[in-house]
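The next part holds the structures, each set out as structure tokens.
Paired with chain B in one complex and with chain C in the other, chain A is shared by the two complexes that follow.
On to the complex of A and B.
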């Protein structure tokens, strides 16, 4: 069916004068008419959908503006977070603050707004610490929208900058990590960067935890003891012109580290002028040949394996020649001496012969059980792996006996020595305070009897041997000296020593164990030219124990006859020696 | 205004035949556009380091131009509108193709062509032009006396445009163009089964976009879980409405514009909510709804299928953009870069809207008699 009217509607070729007739579109059957009907019905539907859409939008508008039933999970951004510090404090075992977070102001500039960069630079250089006028001026002229001028300013400086009233200078509130004890606990606590991420020490080891919790982290360290150890080790370094030193105190039963000092140290509050060597933690990251201190382990092994008793004799008259090496003693003897004397006089020849009795495999296994062949387990990232012989030849067995040919960290030496004196039970060391009264179960490494015999020997060293300078009346100190020649480029250097002393008291039931190492001490007139442990580390240990015991409310012990008899070791010619003193 | 009923000049005939209520609504929307440009854009301009009134000058110069275009186009007859649309479509398609060759890349998409000081977004002009041409072709297909294969040409044009838009990529414009074609086909009597198929293709297309286009993926994920951090814009936006309350904080007193990079464009409705409050926002929604529904109502009286389809297509474009923009600002749907007609800043968008709404006004003018197009 054709309709002239409808054909005309869209027919571009139609005559211009054409006018449609009135009845045309009324043709109900025409496809276009039907399509038009359909479009009207569907137009209503489309309109209805728009009505719904606009209604939903209106309701949502009312919802978010007036009713404020905001989705709860969207709210946090809207809430300001005033005075909520992002990092937990670190405190010592008595709650003294070792690391805390302060709110500070950091100064920045919008160089586009600064009209007089030179004048601004001149004014700021006078106020801001450690700034350079020329450099400031160059940066202020850069035209950049955001320039850090100085992070973490003190309130005084903030006031002074505000006084200037220069537009384009503004402050950004920030947080700064502050270490109120300064260098005192620097190696333990560590430090963090400008944005408060832990970079070293406890700060790094507990980075995530410190960032996530508000509760302070309580360390096992006691800043009072830390200060004592630092002073006394520093004194030894000064007296003997040494290059560095270490001092550690540990609770024998709980394994808590009460003090851990590494000198020279650094101020974590000012990381801009740091000498790299000062950051190095000698206690855990340094590994050293500890020297005769290892005779504690060597003697324990021989006694535990029943290869010797305190009274067994060993021939120490002749130096041992093995390959191109020669093992000799500092105090050569003209006759065989007992195990007790070997320990007391620190005989290398005797120790080497004792070690051969047990053999290299047993020695390696025993040192392994003491944790000396793997990195120390402690909550610090700065822990070094020990160096030890591989393969473990007889020559190694002999040198390891007196602490050469094996390098370990001072901390792991202390942990191992504690296992020997702590009734033969090894307890894990920690820098985090243990709950009151809690004692870790520990693992037994030697028998109670061997431990007792070793404690007798340690006491002997202090009463009659190389460690006399460590004795503190009333506290029954035991200990062992160790003077190692340091390895230089070509073998051992006679003049470069590491002088160490392991101290423990009271010897009948050890409470605390200490280690002091002095790196490259030089003899003085007062020490008769000696730089050995007995003259350097032992006196430092003596001073530390004499100061710490009263502080920890430890009463002096009366050395009863029982204790005296139990801890007195006899050896051939003892009376004569005493008479000579 | 004293224009005599008997005035037969072009102006006189326009005055008595045009839908003056819609004209009033559009003029009011343009007024809001000027207001919002002054409220929202100085903060944005300052943040990007431009002169504070950079966007204001731009927008205030473009608004009168838009109104002139709108008026000029609305003077035309439906036939003349079709011709305008055909020319516009041809030019803008060429420019759209050229975006791939000489286009400027902004935020990872090539949508703009720089022409001296002006940059043009061709896809904005494609929308109204295509709506009209599409309507004409679909009406031709229904006309037994016409031999033009309307549906086939529409399909071809549509695929060509969509291919180019996805290549840019510009998902928002793709959605709008698809909605226009779908709405016009629906009104032209698309069988119900095909309506369902079309709806499923739409959903499938969005799903494909979600899995294939990474930025769509992240937008939708962020919509579903704004706590992930990406919901920053939307969170700020809702905060703005909440700050505004019933009466708003007053012109210029808002803060959201200092935080939202798109405060003058995609999130202008949030600025309106904060500074002018719920009542004004509801008035704006009402104006958009009024223009769309009033247009539909006028089209109900229309006797010519092409006019009905073209008018409806243009109104769907206008209404859908408003709905999508406001819904994403209000966190009802994932954020989609789409301008709020006449209120958002944007030169191409504004001029193209002038063109489109001028066409709507022209198409909905009273024409006495029947399906005459002159």
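On to the complex of A and C.
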């Protein structure tokens, strides 16, 4: 650095007005000396600033070249942009893709540019699937500027069209919604239109969310369980020549729906030849008289209101005549039976009498608290409102007791039944996967004690009652059958049944609850001509539980004497059950 | 005469200029590479996206089930096939468990295929034919028959 001492002749370029006087440095008070001093200081300051700036630059240069400090935070370029699709994927609880968006090419034509419409139509008709030459020719002759010729072409067709080299034909890149699992989850996932707007199911319920987010939507459904339920319900439909069926599995604690099947189903990838009957979601959009499964609620009401205990007797010998109706039993009894027996033998007369003890108002309020008098709450647009008596007469009270005169969806029946077995706590059902370990708080609808008594009764049905065909050794299955005669025109049809079974296991601390309904089953030789739930829906439930439990890593439970005694119900005529060793 | 300070400044400027030049070109090169890599990532992600969809389609449970039935000697797991290490006998212990299940050990002996599936398959067959308790027993019998070769889970020796 230059010496601060001023040497007058050194720098010839020095600004003239800085030149010191010939007398040399004068006294400090001289104006010239002051000016000189000030400019020197300024010069030094400016020089220092430049030096600092150069130092900074060199240091930074050393930093990036020699030290190679990692400063990726300064460079957002380095982050690859995520793939942009107009609609997020839908995946199952294990991440398997249920709905996704793929890029495709759609062919359009500018008829003003096409010189030979007929020739073009002939060539295209040979390449494009499902097209008609005369129709194509007519459209190409129309002279319009934009004509869709075919949406969503496969790559090989795109190549073939390009090979034609006809001017006026062009491709528009588009996106297509694809459902890799096909019909398996059709009613849950739903489907969307050509322009990727959700039309049904989750696709419709989460339409805006799927369009706004890139993250896949994870459902609570497990495709493996879905496949098991579908296969077993299908088998029941086939075996008993039924017209349809439903199957649902729900986690008792979290309310997550693990499987929801409605048969017959449809392929959402091919919406061109769909019949309305297959799109119809029987689990949520169908409302049915569920029959004797309602005795779960009826018995819970009587026990909760202290109108009866398991040992209370009711006279079921004579059918009840009221107005033009007659309430009778499938297995008429010659003597009064207890509440436990009424449940086990599924006595309509006994159930009706139990309901009258509590009264219609209490019954209506109770069913309301179980969510059976309003549409089920679930993330699907296809939810039907239940039909129930209005006004609620005594005859209604009696028929509702055994599940007639009230129509509800299978899903809401399952949700309500879960509240009864899940220690009396009702949890909201969901089709969206809950965070690991999260359990919704739920609302208490009955006491822990009533829930326990009901679980004993459900176990009794499977060990000794109408649901024997649902037992799976090692899993302590409990359940209730329900065989309802379907309303056809005027009154009930003896031959048209809806056979349902609600299964729950393990009964001492329920983990999963299932519902299987078979629509209009017909008896076979194997079922001794029976088409009731015990022969149709109960065996299907048995097969479902036997297959799902190992899949979910559930070890078989040893039925200890404690469990056995707790869940064994004694009643007259049956004798004391000996505890298992 | 060039003063040392001027010389130093000159050298510094030269050095800095050269350094800057090098860095600039290095950055340009890197940026080009970045664009290439980003394109590659987009292509790959697209491919992964399509493959995911295809994988889901190819692994539809009923498709897998049909293939397993055709090509593998495996049956769906039954509750009776499940057990824990605690329920398995010690290898050194005398053969106190496993009632004779005819067919199961023979199947193991004759099968040339991989060991584990054979075990499960034969056990599953036994479970099919007999009562439910026989499945686990058959599995145990099969494991004992296999005892010449150490199985992956031979740590069960220690209680």
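Definition applied: the second predicted complex is superposed on the first by the 491 of 581 C-alpha atoms of A that agree within 3 Å, B and C clash if a C-alpha of one lies under 4 Å from a C-alpha of the other, contacts with A are read in each partner's own complex, and residues count from 1 in each chain.
One rule holds for everything that comes next: a contact is a pair of C-beta atoms (placed from the backbone, for glycine too) under 8 Å apart; a residue touches a chain by one contact, two chains touch by 3 or more.
Computed from a prediction, not measured in an experiment: that's the story for all the values here.
In the superposed pair of complexes, A:57 makes contact with chain B and with chain C alike.
Of the two partner chains, neither chain B nor chain C is touched by A:435. Within the superposed three-chain model, A:208 lies out of touch with both chain B and chain C [touch as defined at top].
By the touch criterion defined above, A:181 reaches chain C but does not reach chain B.
Of the two partner chains, neither chain B nor chain C is touched by A:561.
When the shared chain is aligned, no partner comes close enough to touch A:275: not chain B, not chain C.
Of the two partner chains, chain C is the only one that A:550 touches; chain B does not reach it. After overlaying the two complexes on the shared chain, residue contacts for A:65 are found with chain B and with chain C alike. Across the superposed pair, chain B and chain C both touch chain A at residues 54, 57-58, 61, 64-65, 77-78.
Against chain B, the residues of chain A that register as touching in their complex are 2, 5-7, 9-11, 20, 22, 24-25, 31-32, 34-36, 38-40, 42-44, 46-47, 50-51, 53-54, 56-58, 60-62, 64-66, 68, 70-71, 73-74, 76-78, 112, 145.
The touching residues of chain C, counted against chain A in their complex, run 5, 12, 16, 19-20, 22-23, 31, 34, 37-38, 41-42, 45-46, 49-50, 52-57, 59-62, 65, 76-82, 84, 132. Per the touch definition, chain B reaches chain A in the complex via residues 49, 136, 139-140, 142-146, 183, 186-189, 226-227, 231-232, 234-236, 238-239, 241-242, 244-246, 273, 277-278, 281-282, 285-286, 288-289, 292-293, 296-297, 299-300, 303-306, 308-309, 312, 316, 319, 323, 326-327, 330-332, 369-373.
If you check the complex, the residues on chain A that touch chain C are 1, 54, 57-58, 61, 64-65, 77-78, 80-83, 85, 96-98, 100, 102-103, 178, 180-182, 184, 223-224, 226-228, 231, 472-475, 546-547, 549-551, 555-556.
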